[in-house]
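Look at the two complexes coming up: chain A is in both, with chain B in one and chain C in the other.
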Partner chain A sequence: MKRVEGLSKLTGRELYVDDLPVDGFLWGATVRSPAARGRIRGIRFDDSVDWSEFTVVDHRDIPGTNAIFLIEEDQPVLAHGRVRHLHEPVLLLAHPRREELRRAVEAVHVDVDAEPPVLDFRLTPDRERIQYGDDNVLKRLRIEKGEVERALAQAPHVIEGVYETGAQEHVYLETQGMLAWEEDGVITIAGSMQCPYYIVEAFEHALGRTPDRIRIIQAATGGGFGGKEEFPSGIALHAALLALKAGRPVKLIYDRSEDLAVTTKRHPSRVRHRTGVDGDGKLLGQDIEVVLDGGAYVTLSPVVLSRSIIHAAGPYACDHVRIDGRAMFTNSPPFGAFRGFGAPQSLFACERHMDRIAAELGIDPVEIRKINLIRDGDSTATGQVIADGADRVQVLDRALDLADYYERRTAHAGFNAAEPTRRRGIGLATFFHGAGFTGSGELFLDSEVHVAGLPDGRIEVRTANVEMGQGTLTVFTSLVCDRLGVPAEAVTIAPADTSLVPNSGPTVASRTVMVVGGLLEKASDDLRTRTGLPADADGRAIREAIREWHRSHPGEPLIGKAKYEQPEHIHWDDETYRGDAYGAYAWGAYVADVEVDLRTFAVSVRDFVAVQEVGRVLHETLARGQIQGGVVQALGWALLEECKWRDGAMENAQLTNYVIPTAGDVPPIRVEFLESPYPHGARGAKGIGELPFDGVAPAVANAVAGATGTDPASVPLTPETVMDLILRQRPPAGSLT
Partner chain B sequence: MTVFLPRDLDEALELRDRHPGATAVAGGTDLCVLWPERVAARRDEWLDLSGVAELRGHEWTDGALILGAGTTYWDVIRDRRAGEELPLLVEAARQVGAVQIQTRGTWGGNIVNASPAADGVPVLMAYDAVLELRSRSETVELPLADFYLGYKEMRLAPDQLLTRIHVPRRTYDLQWFEKVGSRSAQAITKVGVAVTRRDGEWRVVANSVAPTVRRCRSLESLLAEGLPVSGPADLMGALESDVTPIDDIRSTAEYRLEVLARLLYWRLRDVCPSIT
Partner chain C sequence: MLRLHPYEYHRPRTVNEAIALLAEHAGDAMPIAGGTDLVPNMKHRLFTPGHLVSLRGIEEMRGIGEDEAGFTIGAATSLDHVATDEAIRNALPSLARACSLVSGPQLRRMGTLGGNVCLDTRCTYYNQTLFWRKALGYCLKKDGTACHVVKGGTRCVAAHSADAATALLPLDAELRIAGPEGERTTPIGGFFTSDGVWNRRMSPGELLVSIHVPRQRAGTRHSFQKLRARDSIDFPMLNLAVRVDFEADGVVAGVQMAASAMGSYPRKLGKLDEGVAGAPLTESVVEALAREAFRQCHPLTNIPVDAEWRRAMVPVLVRRAMVEIRA
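Now for the complex of A and B:
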């Protein structure tokens, strides 16, 4: 099937928020905290500016609660009294001309009495730095299975490791932006977002309005990757507050520097492993501690931590596991949702650690994984019994085969012996990713979708799930076409506009196809039933029946509906963190072949193999695109992308100095899918959006370890880091000069 | 905002003389970075050189390749003779940004922008390029190697424009340029080096390791004298007196120095009997 919105994107006709035509609008801008932590002593406005031309908004203009509604209500919409991170929004300005606005922002001075900030999440804070609870822990979670201490005490070998990963910026092509206006008493937003109904809820609380006076419309969105999950609620509120006060539409669009400096990033992590194994590498006990940097407010850190610890033990069977997780308060802009949602961090540690164990025991990294990979009937760390018919060893074998793993390993040994300044290595990772919300999260979301039959016989799909480049519109269209036997021209997708579509939940967590797609199938069935036709009716009959129904019910809507019902096999206990954490897992095995230049210490990836079991592939091109895109984004995290911090915020906030991969940095990425359908996913599909992110960094780091004979414990492996590893970890007399 | 649009060099020099505060614009690729901030800072007199035909294009004379200050990287990349006779110009040009920048960015802009990371400058310096600087009253010539005084400071008077760059046509028995950026394209140089050798005379020019692009004269004499070198560490002493790298958001001083020594050692080992 052709990409639904492909032509309008290709021809530039698609309208992103900055392109939307509006008359008489004002530009909005944000005045931010100049300090990482402190009390606001006062706000001064320079005389050089004629302030009567400006709309000025501060916390006193917030009609409801001054909090961005999410898990906790600790994050203010606009700071009041104190600031907790650099760049925290304090004041809003609007003006018809952007240049004036830029100068005006410079002419507002937020005076702050600075207090000692927490800038390193790994350190235990002293008393004067405690700002959340009595220990700065935003969230603590534990998974326990069996008796880990006893298992470790009895294990023939106990191997330890500490691993760290850095922050990462999403670098969606389109920066954050919102347009707000009030129309007939309804505050309306059009903008770049993943979760329109999150913004509705945020507005209910902060603006003190009922949902019928709130309308949120997703404009064409140029990439999200999680960066447009929770963050847009704040900027939408800012635009709305300005528009309400000015009585005119307001456009608030971040430029790239502002976007990089102030928006959420992937949570930095430190993960400690203490692992008991026998001589063959069989896992006997896994003691794992996961610590995440949450930043200055709770935001989504509790659920990121949850996913992180659930994935921390890897796709392996082990009877004794303890995983302790903590998300720490720091005076940084909050870290947030990002493709993988905590899993890439803990899987990096897990998979790097597997190679370390293999190296210490002198066994093959392939074998240690094969011994331990979950077989049907085994259980995960939360005690979830896996019996999905997927063959995880086969996934690994297929990847090794495609990569010519053993041949290359031999070839590299010869190459490395002969070459003075180049070293090659091949590395692998096996991993998994749970799709959909964790545990009972999907039940709590209570998603609903509509498939409407229109009077002219067309069918309209109504969900709040958004297209942001990943192909939602195309896959939804194809699912409904298939289910009802109608051609693509007969199906339209309603805009993600909360005045038109029901709340089908956020477009996150690899849930859109698997969960919402599944609901669309049910709603399509419901539509057919409402027209009075049996399940085997063909598309032509259905379209005729829809027209007929409208002739006999003039003016009434014909809507097929479906609501989420938890599959019966899922049992989760949120108190003990035991049970079925996810309805389904996708499984992967990735192999990276790298070359390290011993003159420049640069790592280049020569070849990449990505094999995964994903239930069912619904659209081959889009699925490949997800995998390849995920691999490239994760290569950036593994090798290039480094946030340099100053006072807790990103200092290198330009794409000149925050370096993401170019086309020239991307190796051939060979993608292969294995399929064993998941009965509760749309046409058997499991989630694939996040999976590819998980396996890349460890495969690359393991390859670098092999190439250089070092033991990397962190990403990104920038040339500077690799230099450190080579100069300081290797015996100085080595042949690496 | 005022933009002056001179039609020829005389007019450009006259405007330069009358409006010393106006910023010259060639390709604009350096100036357009942070453009909104520049506009907000009310930097609002601009002298657009793009209409000045005398500054564009390049020509070959018996003794030199003469680049107009407004010659683009692309002009040089497309000239086969440049690739044959002065290949480092082409190699450096191909590694500037990516094609979009190569077709707009100019050699003159690269020189006067005076970034320590400029990629066009090391190769020109290694070829002993000479600058032609003009004002209404006079034309002077100055070796590129003597042009820079410090970070973003250079011997260019407010009434002068850089008009041409003379690159002597000579044969070299060694010429080599290497750029180390943070990725394979669109990368600012973290450390780079251009080297030429002709009748035993060396030029070693490094970028991103000092406040200006820097000729490494100690290293040049070490090489000319044929002092024995048996590893990158043996180059360190000379390099440390030639360059002063720093830690910044792009890299570290240690990395820059270590890599510079390694690049030089491994490349020169093949061509210098004294380096083993």
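Now for the complex of A and C:
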């Protein structure tokens, strides 16, 4: 099936929020904190500006609670009294002309009595820097299985390692933006977002309104990657507050530099491993500590931490595991959702550590993984028994095969012996990604979808799940077409507008196809049943039955419905962190072939193989696109992308200095799928949106380790980092300079 | 997206008209050729001139002329034109190479050689949006009094980042500059100053009209090397232009090098001839030059790339240049 919105994107007809035609609107802008931490002493307005022309909003204009509703209510919509990170929103301005607005932003001065900030999440904060609880820990979580201390005490070998990863910016093509207006007492938003109903909830709290007076519409969205999960709630509130006060529509659109400097990023991490193994490399005990930088407010850090620790022990069977997780408060802009959601950080550490163990014991990195990979009947760190029929060893074997792993390893040894200035290496990672919300999260979401039969026999899909480039519209259309036997032109997807669609949950967590797609199949069945037809009815009969139903029920809606029901096999205990963390896992084995230039210390990836077991591939082109895109994005994290910080500000907040891979930096990426259908996913599918991010950085770092004989413990592996590794860990025979 | 401020756009047909427009709106006018550097800088509100004087319609500033003395390249000639011109590629390969390495293809079609010579300096604390610079309290180069690169520094050290300009140095290029007082010619060697705020010996009312590159003598070889993060696009993290003059018998008569993307002007390295002149360009001579270049080059933390690594790359670029020159 062709991509539903492909042509309108290709021809530029798709309307993103900045393109939406609206009369008589004002531009909005944000006045931000000039300090990372401190008390607001006052706000001064220069006389050079005629302030009567402007709409000015501060915390006093917030009708409800001054908090962006999420897990906690600690993050203010607009700072009041004190600021906790640089560039924190303090004041909002609106004006019909952007140039005047820009001058006005310059003419507002937020005076702050600065206080000592916390800028390094790895350090234990001293007393004057405590700002959350009594230890700056935003969230603490623990997983325990067996008796890890006893297992480590008895293990023949105990191997330790500390691994770190940096922040990463999403670099969605379209920056954050919202348009707000009030119409017949309903505050309405159109904008770039992943989760329309998150914004409804945020508005209920901060604007003190009931949901019937709130309408959120997703405009065409140019990429999200998690960056438009929680962050849009704040900017939507800002646009709404301005629109309500001005009594006119307000457009609030971030430019790229503002977006880079102030929006969420991937959580930086520090992960410590202490692992007991026997002489063959069998894991006897895993003691793991995961620490994340949460930034200045709680936001989603507790759930990012949750997914991070659940994935921290890797796709391996081990009887004794303890994982301690902490998300730390710092005076940085809050870190947030980003493809992988904590798992890439802990899996980088796990997979780098597996290679370190193999190197220390003199075991083949392939063999140590084969010995330990979960077999059906084994359990994960949370005690979830895996019995999905997938063969994880086969996934690994297929990747090795496709990559000519052993042949290349031999060839590289010859190359490295002959070449004075270049080194080649091949590295692998085996990993997994749980799809959908963690534990009882899906139950809590209580998602609902509608498939409506229209009077003319067309079928309309109504969900709150959005297209943001990943292919939701196309896959949803194809699922309903297949289920009802109707052609694509008979199916339309309703806009993700909360006045039209039920709450089917957020478009996150690799849940859209697997969970919501599954609900669409059920709702399609329900629609057919409501027309009185049996399961084997063909599409033509169903469309005729829909028209017939409307003839006999004039003016009434015909809606097939489905609500989420937890599959019976899922049991999760949120108190003990024991049980079935996810309904299904997708499994991956990735192989990277790299070359390191010993003169420039630059790493180039020569070839990349991505093999994964995903339940069922629903759309070959889109699925490959997801994998390849995820690999490229993760190659950026592994090799190029580095947020440089100074006093709590992102120093390289432009795309000239924060560099992401271009087409010229992308190696051949060879993708292959294995399929072992998941009975509770749409047509057997498991989620794959985030999976490809998890395996890339460790495969690349392991390849660099193999090529250079060093032991990289962090990403990104920029040339300066590799220089440091090579000169420090493996001094060259001749002097470099 | 980042937006431009309002301005008036002038389209003169001659250099004299352009000079007159710059004089008429002195203090509030800037020339614009390809705009590839100026437009982003205007979007960051580093410049907000009320008048832009376009050089695109001035015929005498475009094109490449060749005679016995050498090449005369109009300042408004695109970098892509210079990079792909057959005669330039044959006679001045290092210049063609440098032009071909500026940014990406689209920007080379718009950006000009003159624009590259007059390129504004870059710095972590300067090439930022207004709200970012405001939060930091601005800097020496723009609106502020403190330098964030050199603590307590009183002179701006923003990085000279022009590839083609660096390549022109050892080519002994001469710049023809027109102004209200008439025309003058200046060797590129004396054009740059160490003041990162405005690192050109040229007033805002003047225009670079053309660049003359003398014909290189038979025994002279050049190489241009650029260090950047990605091969497809990027500002330099380090630039090196190398010239070696050979005697008829193949021994070295002299060596010149210019390095940039370290401080606010392209730096000519000194004393490279010592112990080299009169000797053939052997491995050990190359190594001695690499060591000397390393000793003299000290990149500053004015761009967000590790200065120690950039310095370590100096000898690498010297070796690469010499491999090309010896080939």
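One rule holds in what follows: the second predicted complex is superposed on the first by the 730 of 737 C-alpha atoms of A that agree within 3 Å, B and C clash if a C-alpha of one lies under 4 Å from a C-alpha of the other, contacts with A are read in each partner's own complex, and residues count from 1 in each chain.
Everything below uses one rule, namely that contacts are C-beta pairs under 8 Å (C-beta built on N, C-alpha and C of every residue); 3 or more make two chains touch, one makes a residue touch a chain.
Model, not experiment: these values are computed from the prediction.
Overlap between chain B and chain C is detected when the two structures are superposed via chain A. By the touch criterion stated above, A:P420 is placed in contact with chain B alone, chain C being left untouched.
More residues of chain A lie in contact with C than with the other chain of the pair chain B and chain C. By the touch criterion defined above, A:L242 reaches neither chain B nor chain C. In the superposition on chain A, A:H87 makes contact with chain C only, not with chain B.
Looking at the shared chain after the overlay, A:L179 reaches neither chain B nor chain C. In the superposition on chain A, A:P34 makes contact with chain C only, not with chain B. Contacts of A:R256 after superposition on the shared chain: chain C is touched, whereas chain B is not.
With the contact threshold set out at the top, residues 98-99, 102, 106, 255, 599-601, 640, 644, 651-652, 656-657, 659, 661-665, 718-720, 723, 737 of chain A are in contact with chain B in one structure and with chain C in the other.
Residues 98-99, 102-103, 106, 255, 420-421, 598-602, 604, 640, 644, 651-652, 656-657, 659, 661-665, 718-720, 723, 727, 737 of chain A are the ones that touch chain B when the two sit in their complex.
For chain A in complex with chain C, the residues that touch the partner chain are 18, 32-35, 86-87, 98-99, 102, 105-106, 175, 255-258, 261, 599-601, 640, 644, 646-647, 649, 651-654, 656-657, 659, 661-665, 718-720, 723, 736-737.
Chain C makes touch with chain A in their complex at residues 1-3, 5-6, 43-45, 124, 127-132, 134-137, 148, 227, 229-235, 290-291, 294, 303-306, 308-309, 312-313, 315-316, 319.
Interface residues of chain B, counted against chain A in their complex, comprise 33, 36-37, 39-40, 98, 180, 182-188, 190, 231-232, 249-252, 254-255, 258-259, 262-263, 265-266.
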